[in-house]
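Labels for the chains are A, B and C, by order of writing; each one numbers its residues from 1.
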Amino acid sequence: MKANPRNVNTGIYYIDGDVASGQGALAAGCRFIGGYPITPSTEAAEAFAKIAPKAGAVFIQMEDELASIASVIGASCAGVKTMTITSGPGYSLMMETIGFGAMLETPFVILNIQRGGPSTGAPTKTGQADMMQSRWGSHGDYEIIAIAPESPQELFDYTIKAFNLAEKYRCPVMIMADECVGHMTEKVVIPKADEIEIEPRRFYNGPRDKYLPFKPDKDLVPKMVKAGDGYKLYITGHTHDEKGYPILTQNSKVKTQKSTTRRLVDKIKLNADKIIELKEENTDDADVVVVSYGISSRVAVRGIEKAREKGIKVGSLRLVTVWPFPDKKITELAKKVKAFVVPEINYGQVVFDVERCSHGEANVILIPHGGAGVHHPDDILSAIEYASKENKKIEGIIEHKTKLEKLIFEEGYKLKE
Amino acid sequence: MATLKTKSNELIHPMEHLLRMDRIPHIWCPGCGIGTAVTAFASALEKSKIDLDKVCIVSGIGCTGRVAGYVKLDSFHTTHGRAIAFATGITLGNPDLKVVVFSGDGDLISIGGNHFIHAARRNINMLVICVNNFIYAMTGGQVAPTTPLSAYATTSPFGCVEPPFNIPYIADSSGAVYVARWTALHIRRLTNSMAEALNKPGFSVIEVISPCAMYYSRINKLGDGLDMMKFYHDNSEIKHGEDTKNLDIGFQTKITVGKFVDRERPTYTESYKKWLSEIKRKK
Amino acid sequence: MNPIITAFAKGIKKSGVKPSRISVPSDIPFEPEVVKHLGVDFFHTIRGRAIAFGTGLKLGNPDLIVVPFIGDMMTIGGNHFVHGGRRNMDLLIICVNNFVYREIGGKSAPIQKCEKEQTTTQKFSPYSTFEKPFNATHLANSCGAVYTARWTALHTDELANSIAEALNKRGFSVIEVLLPGPNYYTSIKETDSNLLNFYYKNSVIKNGEAPRFVTITPKEKIIVGKFIDKERPTFIEQYNAQLSKTLGDKFTPHGGKNG
């Protein structure tokens, strides 16, 4: 399906990432955003509030993030495409309801412009420390999809992709951008409506009395109906059977709990190959591969260039979709390469999965960064240099400190006896 | 208050002992009313003769949320919206302390609205000073639950569509024992109110209408801080004891100020003690 | 819950609203059979978020009539309640108040019966409570509700009438229903008639009473009735009016005529 021209403000713009994401949401057919102002994501809400009414979409500023996310799931149940916009602290508040959304299998998108944490942290500075939270934040077993864009143009494009994935797999989709990308102003091209591919909602259109809200299709994803269409929906956050009814008897509770959570996990895991998008460069002959995402991947480009100038065979693997994690790809690369270098603006999150998937066959080097800034390309270069020289297999994750960090904590913290 | 001089004849600010001078200059914009509220608060602290070691100040997030960081008391800068909940913990942890929650309208009434009504219901012993500038100023001018109808803000670019809260009414209906409203112009009355409320046990609320020259006034083309002060001068009406339901604020309409509620009700700690002794007696 | 469900079913019938237009986000679980019987769409949301969820439902599809059932007496979801009232979201809140017993303070028969039973809620405050309860009506009124009523499990007909009336009313309507929750209910089933008797003796109908004076206090009669019925533009009406004013032809009203 193509996008509705009414929603697409075709043109060439010079806008920041947040605004681009607002435009992307509208182009993807978003009809409802419930949001709450929080730096550095506010501009996206403002942009959407400005463009939405003319296209018939609604923006409402709710009283808090708890309400934003609940209203977003409600609107999704009413049959429209929805999104919410937030950052660190707001994201933490949303966690309970994200799990609820995953259980209900309502499609919705969360734009999280990550900032420095924990708590209030550094609101106007960047961070990438919500990556694990996006995956494991709510209680219980479920899987989500997370995308990490690296430029305003990508925030536009991948917001549309996020909506498409959410509709296709009926799960929460997180756009895990960071403050740098959100506040970066660049050229953004919004194409014509007929060049934008949109995934329509999986509506059920069989006989009314045969409808089962949680009966999965072949790809493990069930079909939806709108509230108010006379289906007498019964939707609950309890473990439920295909009818949507909560399970009360002890025996079937065990069985249904297993089958429900299994499907919530498997519908993403088994479809992972279709979901995952990676950008791979020069990995064929590489000794070292830089695995990165978000703004870090943009910084890494320069570090890789410099390393190549020095004759080091280095490739790049950019995780566009961070979750589900590209297990197979990393395992496959680990057999060929000496080491992975993972620059992250946190003290190690995605790197754990890189280490897990490399199965000890390649060294894994983390370049941690405390946030409120990005890596210097030289930090990445020095890590690559170290990685290419290190011939020994070293167990676990090797920390390679940035220059700045070495300057500040020369010796690092040590426990005193 | 006269200018003070140290022994070495150096000029110092008369409120130096109440403010964290090492953090000055503050972050507030020219024309903002929060500084006025802080000055009034500092004067009220002196006037009330309260033991300064037994006063805690708690703020949330936002422009007014920075107040805790500039006042030389035990200060806590908490997360967004949780100032009252945090303060509830302090006052129940040590009932001897007087807790002052100094925060903005967005922080206290929007995201912290639930804590606000519940603390009022329980009549927790605290003074809530809510600086109402009609907008989320720290994040750049988003619509707040206090933004008057049809006023502009960045997330309501075509005019605000939601009626604002009448903060005194909601405080009154939830059970606050002391409710007053002043503008940043009424410094003396505001100071007196604060001093009075500092010595009053129970949940007291003082709303301070404050100009936001940088966002609210700029977006709505209302001039600078001085123009807003002139507006308050011409349009505020003092009506003590007015029924709180008549205190709605519209866009550039008359603002009723005054002390509206001053009643007695057992505080949470008092009822708790009474109830505890009853149970002990029964056993 | 049974008296409320019955009254709700009666109210729907009386109001003439098509049940399929009604969506019920609720933080109290309903029996699937009940939902089928009512013919509504039911969403069992997480605790406290029924109103926020309902706000989304209503804005997502303005044709829906959204009836959030809230059971926690505005503890965790209190903020959504006051803000819903302020916006005048077109929702009908059925507020199931089952804590009355403890709040009345162990002064009457059903309560003392309850206090002997250690139900889940009571484990939290085993010696009954000393906190002042909300006057939900006053709170609703102070934040801008257009319709408030309070009935007990005894007043099922009045309750049904109120529900029918409120279903056809636009704006934030609150109907508070006093009844013991399932835990209490099962534990004092044998005293059903006692309970109704208690309500019969201890309640007084005062329609149009000022919300300020309808607090539920120990030893005093519970005032029930319809307290507020006023008109105020709803969120969607206000939204459409304001945006049509500023945007003119560029704006198509949200939800068309049903907004």
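The rule we apply is simple: contacts are C-beta pairs under 8 Å (C-beta built on N, C-alpha and C of every residue); 3 or more make two chains touch, one makes a residue touch a chain.
Model, not experiment: these values are computed from the prediction.
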Each chain counted as touching subunit A and subunit B at once: C
Chain pair, B-C or A-C, that carries the greater number of C-beta contacts: A-C
Centroid spacing, where centroids are CA-atom means, of subunit A and subunit C in whole angstrom: 38
Euclidean distance of C-alpha centroids - subunit B vs subunit C, Å: 32
Subunit A: positions in contact with at least two other chains: 53, 63-64
Residues of subunit C engaged with two or more neighbouring chains: 79, 83, 239, 243, 247
Interface hub residues of subunit B, defined as touching at least two other chains: 110-111, 113, 145, 158
Touch list for subunit A against partner subunit B, complex: 35-39, 42, 45-46, 49-50, 53, 59, 61, 63-65, 89, 119-120
For the subunit B and subunit A complex, residues of the former touching the latter: 61, 77, 79-81, 106, 110-111, 113, 136, 138-140, 142-143, 145, 154-158
Partner subunit C, residues of subunit B touching it in the complex: 110-114, 117-118, 121-123, 145, 149-150, 158-166, 169-170, 172-175, 244-245, 265, 268, 271-272, 274-275, 279
Contacting residues of subunit C [partner subunit B, same complex]: 74-79, 82-83, 86-88, 127, 130-135, 138-139, 141-144, 211-212, 232, 235, 238-239, 242-243, 245-247
Subunit C residues touching subunit A - in the complex, by the definition given at the top: 20-21, 23, 25, 29-30, 32, 35-36, 39-46, 48-49, 52-61, 63-64, 79-80, 83, 239, 243, 247, 250-252, 254
